[in-house]
Each structure stands twice: as structure tokens, then as C-alpha cells.
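Mind looking over this structure? Questions follow.
Chain lettering (A, B and C) follows the sequence in which the chains are written, and residue indices restart at 1 in each chain.
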């Protein structure tokens, strides 16, 4: 018995490991992303949300992580494709009758379809917000806040000429913040019914993807023990399958119905 | 009862096959599924037609020779049952039953419903053993093995090698089969010396045979006639990854 | 008179001395020899692996698609070994004694002693291979008791001992296949033996996928092809189990010994109808906790059959626990032949239960009450599940219905102490030979014998033969004997393929089975056997005129496979009847109604029949010639077996 020569990632298990690790990393990101985006529900004309957006795009460690994130999405998708093609070739002649529902869950068998929906969603999502934000295609805004009382004194849209760079100035206890108004962009985008629909559908896909994916990732790294698996399944179903997708889905709905 | 069978007929591994509709008449409840096919075959033979070839041997659910995907289910509709132990009381009069062979690139059809499962043997050749010769072994009671470990190893060791896991998996993955054997030896003290080499060797052979990848759908576990659990697959993943990443053993000379 | 080649000297030293006296093959010369192993069950797989480890080139053949599927896999209960781990007084001599006595003094002392002696090594070997035997909480091996002995010496792996042992041997075999020392031929059936100058030098096989008839040469051939229980059509054997390899070797000159010794296992699931293709055994271990009974009166039994009453309605006082009543000291754990015969007696007496009335109860109510359902489930769960699946009845709630069924054949190819048949270079191992179980095999001894022959006997004895060949030259593949034998096989195949009658091969096989069961089953008489002989001869004619064998050779051909096997079974059946007729005594599984004690137990006739009946084939439709091997008992006193 000797079989040490083959590199890890050339094997089926190695490829699966990549799926698992990138998947778990994306799950972690989702959680962070959600916490940040909850600022959208603040009734502060986007003050907190826009500050958060600046932090996310400028703080160096976050920048590094964000590149890892883009890479993860791409690698996760590419390996999914590679594995799927291999899986298809493992059964060249299919069954006339197949009763998949009798032995497995629909979502576990259709991770590829769910993933494709998510990929389309991510592309739309990024072009709507990430791309526009990074290419100065969003409006600008200025906030004046009394630091003592925390009361927002004035909110004013800026023109492109008035805005130079993100700035925070404090004078006599009054804070003046000038920023790109991603919040406005969000508000604007979510007035479109088709886009809201896409978001809601995508979040449903996310829910089903993660209900299987989260616990499956643990199985793939070899973590499955009677004593802990229940906990992992619960987190997978409730946190990643219900709470996170529902909160995300509420965001477009909130703006859409807020008008 | 009377049944309509839609059976996959294929002359040999080179020809293409097709479904043929055959009537099964006067089938009794307490016949096994294979006894029903025996009767159909007797009828075919009397009519001078080629009987349906299917694999079977012990007919008591242990040899793993019988197969058949019956109405889309490996070994038929009942859980924890091989085709030979499936009885006709699970069907009803007038029912149409579609019977297909295991489908996988690694299991080519030989004739009708019989497939070539030697890929499983080759995986076992790669490492499904403890490297010891006959004789010269210590007394059986020299090593005490905790009962819970012995029992868990036994659960993995009961795999009958029928291939239902591959047949049921949408990816035709052999992970449940391979993991059962790797688990048995990974758990027992006897298997420790080659624990990591074994996992790697068997996975390499599994990949070379053209089986698909595990996507943890759990179909294999649900269709396994002897109840091999998904925890085995997790253990195989663990064994393999730890062999590749953490426990890579080498001589540094 | 046959020479058994049993070495001289005290019983306990025979094997050690013999091992020393046998010639060895130098390690460098072993690779010049090729050995063919036919059959890959416990005996075949263990022999092939062990011989390959020694350095011989081995070719294995099996009709299944993998060596792992040989029918040894279905053995449930366990494997005996004289380890005395339980401190209950077991010893090699006690295992030897129990086996000889259990076999009703019709086995060869020296072989049985050797079997008991190496039994302890088998357990060590299997554990080292990773066989997951049942263990106690302290981590050491657990034992249970089995029929015919009063110590607990049976090692087991739940109800799947055979499976686990076979997978162990299969793993050892795989290791050698991987190393290139064993070439494994699956879906191949041996159809003849090739002899050159009187010695076995190869076999002819048919590739069951392509139909190709092939010659394979070797310096020695090992038949490890199992028993011939399927001569009864219905048995606990696998559907493919057959006598063809042994029978064709017999026709080439290997004597066939004691064919009438068949074991009828008491605890099988009863027959339900004509469609039945095989019978399923419920492990003998069930008799540790199950109690066998029938109602005391015919009237109650009749009501049970009609479904007017259920087992639970029968009061304790109205039940006849007949084994406990008749054999107080062994109770439900009497040997298999005794238990079977008593069940038949009850049924013949009109007290059988179940719809057909051909069954007795095996009741676990008392055990469930005493141990709790969970303990019973842990011990026998898989057997109970199997029963429930087949019968659609819940054995936790109502008693099992059981009835005896053909299970094992003690008879087989005659071998000497070295396991060599009367053809030099041809060996026979495991159930296929006749050597160790006399007229009745004790439970958990079949696995022991198969592995003993394969792991610990043949590696020594085959070396002695090869060392004495006087040449290391390869076998001449081009010798005319190969071509000649191949042609004969092809002719036989063509003869079968030419049959275009009205009966299926299964029809004829079923007829044969009924004849055998009726006249050569649990009770035999001179009159019945004589009648059976005529019936079988007619059936043979019927087969060769009315059988329908479809298709051609060059394909996977189920009809052809079956036809060849059934043709051999018919011939064997006739020999079994001859043998049973010849042996006008009762012993073990062979019960001649003419020879019984006043209490209805088997009555031996040691004066006239303390011999092995080995039959020589003399040609098509010629009567076979009887050769006798006198059985000499120096270490045990022949007594009437008593389990009271």
C-alpha cells in the first residue's frame, strides 16, 4: 500500500475540500455582511450604513479578506462545475425511473441549480452596488450631527462638484460627514419590482443552498459525530437557512414598500 | 396478482439495450421479487425466448450479488432490504414495475440486468486489508478492543458490496462503500499501522475507476440494504485529509 | 482398501510430527509452481492467500462476480475454537471429542484432532486480519454456546460470522492479488479436470460472460467448491451452489465419499409454496434462548392451522416442549440431526403448526421476559428482522415457525490426511471434502473446517507433494490432454445446447429435489431408496430428452449454466441413493427407519459400517464401485450417542 504521490487537490476528496472550505468561508462572510447591512434598517438617512460602507472598502485587512472572498466565489463556482461534469460522466446512461425524493432532499440534489441562481444574483448585486460604488456612480451626501445629544441636525445631498473625498470633521461638537451615498443607491435600486423579485428568489435559493451546504461542508471536512451533528444541523437550518436569508430578503422588501 | 414489467434488455456489453414490456401473471404475495422473476423466466423459456439475466445467489440478503433498480429505487421500495428479500406483498395487482440495472460508468452492463462490479474488487485490492501473513500472529486476546469500538467497526464491516450506494447516488459515487472498509480498519487497532496509506490508496483507486463525487445527499445511506451510515463517509474524509495534510509519513533520509 | 495416510504415533503428536516429516519447497523454487484454487469461500480464499504468501503462483476461480460472494458468507452463528477463554473446561481434546461424537463416530480421528488443534490459530489469524468478533465490555472476545457441546467455545460476529470471516479471507486474498501473486478469475466455472499421466495438471473453465472455454494449467489443483445440498433443489445453499467441479473430478477418478450424509438443519423458515426457490436458515444460536414446541394435541394443532387459534391462545399446560421433555440435559441444544428428526416426528404426528402444518414453533416469549426485548434484539436482531421480512410476522410478538431444511453435506470428495484426493495433485478442501464431520456436523464447525484446511493444513501438505514431483518445470500447456479434455467439455456443452424439449431445467431440478427429499431426506428406507433410484434414472432420461436449454454458448446463458449443474446433480442423486441404500444403519444425519433404538434414536451398526464409503465412477450408466476406508478409533470409545 503506497499512495502518497498524488497531490491532495487532484483527488475527488481534495476537490470537495475546496468546495467545503470556500463554502464555509462564504457562510462566514454572509454573517458579517448581514450584520453590516442591518444598518439599512436604521432610520438615519443612511448615516451608519454609509460609514460602514467606507469602513468596508478602506480598512486594509478587510480589503485583503474581500479579495479572498471574490476568489472564493469564483473557485467555488469553478470547482462546482468541474465536479458536476465529473459526476455527469460517472453515469452516462441515466435511469428511466428515478425516485430521488424517496432517498434524499430536493435541495441536496440540486445544489448546482441553486448555485447558478446565486451566481446570477451575485453578478447583478455586484454590478448594482459594488461596481457603482467603486466607480463613483452613486450620489453624495453630507450629515451634520450634534455629538453631545447624538441628534442628526442636517442631511444634505451633495453635488459631484461639492464632494472630493470621504471626510469627517468635528467643530464645536458638531460632526460633519461627507460620503458617497450608497444608501440612496440602495433605496433607488429597490424601487424596481423585477430586481426585488430577483433578490427574494435568490434569498430563497440561498436558504435551500445553505440548509444542505452548511452541514454538508462539515461532513466533507470529516466532522460528523452523533453528539455535535445536531447542533451543526440546527445552525445550518435556522441561522443559514432561515434567519440570514429572511433578513436579507427583508431589505429589498423594506425599501420597496417604504417607497 | 398480475403485473406489467418494463425490463431493461441488453444482449451484451457491446450492444445497446431497450425496455421490453413483459406480463407477470399469477404472482403470489409471499414470493420474493426474484422468485417472481423466476416465474417470468420460466414462462419465457417455455415460449422459447431468452430468459432475463439477473445477478443473484444467496437469496438471503448477505452475498450482495443481487441488484436491480425497481421503480427508481435501488433494491426496490423497502428500506434495509435487498432485492432477494423484497417480497411481492410490497406491490399491488395491476402495478407497472420498471426494472433497470445499476447505472454507472464504473459498472458497465454485461447483460440485461447484470452489471460488472469488479471496480469494487479493485478498490479493495488497493488497500482493503491488513498486511499480515498467515501464522505468526499474536493470541487473539492479546489486544483488548473496547466493545463500543468493536461494535462500531462491525457496523462498518457489514457492507455486502452490492453497489446500491452507487446506484442510488445521483453522482454514482462509491464513497459509502469505500468509507465502510476504511472505517473498519481505521477504528480497529489491527488497522492502525497502515491507516493513512490505506485511505489514500483506496481513494486513488476509487477515483481511477470513474465513480462520481460525493455531494452528501444521503441517498446511499437511505438505500443501503444493511444500514451503512454516512458517518463512515465523514470518517473517510477525515482519514484522507489527515493523511494528506497532517499525518503524511515519510522517511527523511 | 484406501490408504488414509494418517501418520503413526499418539493422536496429539500426529500433526506436529507429520509437519516435520513432510518435504519443503525452497522459497526460491516456490515461484516456479502454479496452483489452481477453484472456489473462493472460506477454504478457497484462505488457501489461495496463504499459498500466495508462501510464494506460489495462484489462480483462483469462482462463478460469482467477486470472490467475496461465496456462500460461506451466509453462515450466521459462529466458529468453534478450543481457546477455553471461558475457563469452562474446554480443551483441544474436548473439541475433538465433541466433534467425533457429534459426527456419530463416522469421521477420521486424526483429521478431527488436527481440526481441533488448529482451531485456536484460526481465531488468532482472523483477529489479526481485523475480523470484528463480538467482545465483552472488558474488550476481550465473547463466546456463546452451540448445539452438541456443553462449553461456550463459539466465537461470533453478531449473526454474520461467516460474512466477517470470509471478508477476512477475501482481504488476505486481495492483498495477494494486488501483489500479483494471485490471478483472480471471476464469473468462471470449472467444467473439467485435466489429468496428465494420472496427475491433476489443470482445469477447463467456461467464462460465464463470453462463453469462452479455456484451459488453465497448474502443478496442483485445489477444489474448494462447497457442498452439494442443492441436489434437493430447496436448501439453504445459494442458488448457484453446485457439485459440478467435484463431480467432474469424480468422473475423472476422484472417489466420492459418504454422499448420503446430508445435514438437515432444524431451524429454517418453512416452505410456503411451489414458487419457493430457496430456504432460509435461522441460526442455531437461536436455540440458546428460543424454546421449541408444538401443541400437545392434534386438535389444538388443527385449530392453529386453520387460524382459529393463535400461538398465544395455547396455554402453557397444552404445549409440548418436546426437546426439553425428551432430552433434559441438552434440551433445545441437542445436535442438529436430533432436533430435525424430532420436529419431523411432531409434524408426522399431526401436531405441526402454521398454514401448511409443516412447522413447529421456536418461541422467544420466555427469553424476552427474562432478558428484556432489547437484549434479545442485540443478540439476534438481524435474524429476527430477516424472519419478519420473509414471513411478514413479528417474532418479538409471536413465536417463529421453523422446520428443518437441507443445509450442509458432510459427504464429499474423498481425501487422505493430506487433503489429497485419489488423483495425485488434486486436493479437496472445506465442505467439498468428506473428512471431518462424520455423519453429522456440529454447529459452528463448518467455518472452522474451511479455514483450518485453507490456512493451516494445505500450505504444508501441498508443499510436500510439489517437493516430491522431482521437477520444477512448468506444466506443458500444449500437452494433448488439454486439447482432448477441452473438446470433451465443448461436446458436452453442445449436447446440452441441443436440448429443445418442453421442460425447463428448473422443472427437472424441482422433480429431483422432491425425489431426494421424499426418499433420501430425514428418514430413509430400503424400499424408498430403491424406488428413488428408479425415479432418478427415469428423470435422467427425461432430462436428456425433454429439457429445454435455450441460447448459445457465446453469451451469458443462464439456462446453459443451470443445465450443466442439474445434469451433474441427477447423477450425484443416484449415487446418494446407492450410498444410503448400502449403509443399512442409522448414523447422524443418515436415518434408516430400519435401524433405530426403542426410543426412536439413530442406531449405529459399528460392526458392519464403521467405514467410509468411497465410490469410484466406472463410466456412463455403470454402477459405481464401493471402496472402504476402515475407521479406527483409538482414542474414543464408541457409544450410543445420548443427549438426555
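One rule holds in what follows: a contact is a pair of C-beta atoms (placed from the backbone, for glycine too) under 8 Å apart; a residue touches a chain by one contact, two chains touch by 3 or more.
The structure displayed is predicted, hence computed values, not measured ones.
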Longest centre-to-centre distance from chain C, chain (CA-based): A
Identity of the most central chain, Cα criterion: B
Averaged-CA centre spacing for the pair chain C and chain B, given as whole angstrom: 27
For chain A paired with chain C, centre-to-centre distance based on mean C-alpha positions, whole Å: 66
Length of the line joining the C-alpha centres of chain A and chain B, rounded to whole Å: 40
Where chain B touches two or more other chains, by residue: 126, 131
Shared-contact residues (touching 2 or more other chains) in chain C: none
Sites on chain B touched by chain A in the complex: 6, 8, 19, 69, 71-73, 77, 98, 100, 103-106, 126-127, 131, 168, 170-173, 194, 197-198, 200-201, 203-204, 206-207, 210-219, 222-223, 230-231, 233-242, 244-245, 248, 250
Residues of chain C touching chain B in the complex: 46, 49-50, 53, 64-69, 71, 73-74, 83, 85, 121, 123-141, 157-158, 160, 163-164, 167, 170-172, 174-175, 177-178, 184, 186, 209, 236, 238-240, 272-273, 275-278, 280-281, 385-386, 389-392, 455-456, 459, 502, 504, 506-507, 548, 550-551, 555-556, 558-559
Of all residues in chain A, those that touch chain B in their complex: 1-4, 6, 8, 11-17, 83, 86-87, 89-100, 102-105, 108-109, 111, 212, 215-216, 219-226
Chain B residues within the chain C interface of the complex: 11-12, 28, 30-32, 34-35, 38-39, 41-42, 45-46, 48-51, 53, 55-65, 78, 80-81, 85, 87, 89, 110-111, 114, 116-118, 120-121, 124-126, 128-135, 137-141, 143-147, 150-151, 153-154, 157-158, 160-161, 184-185, 188, 190-191
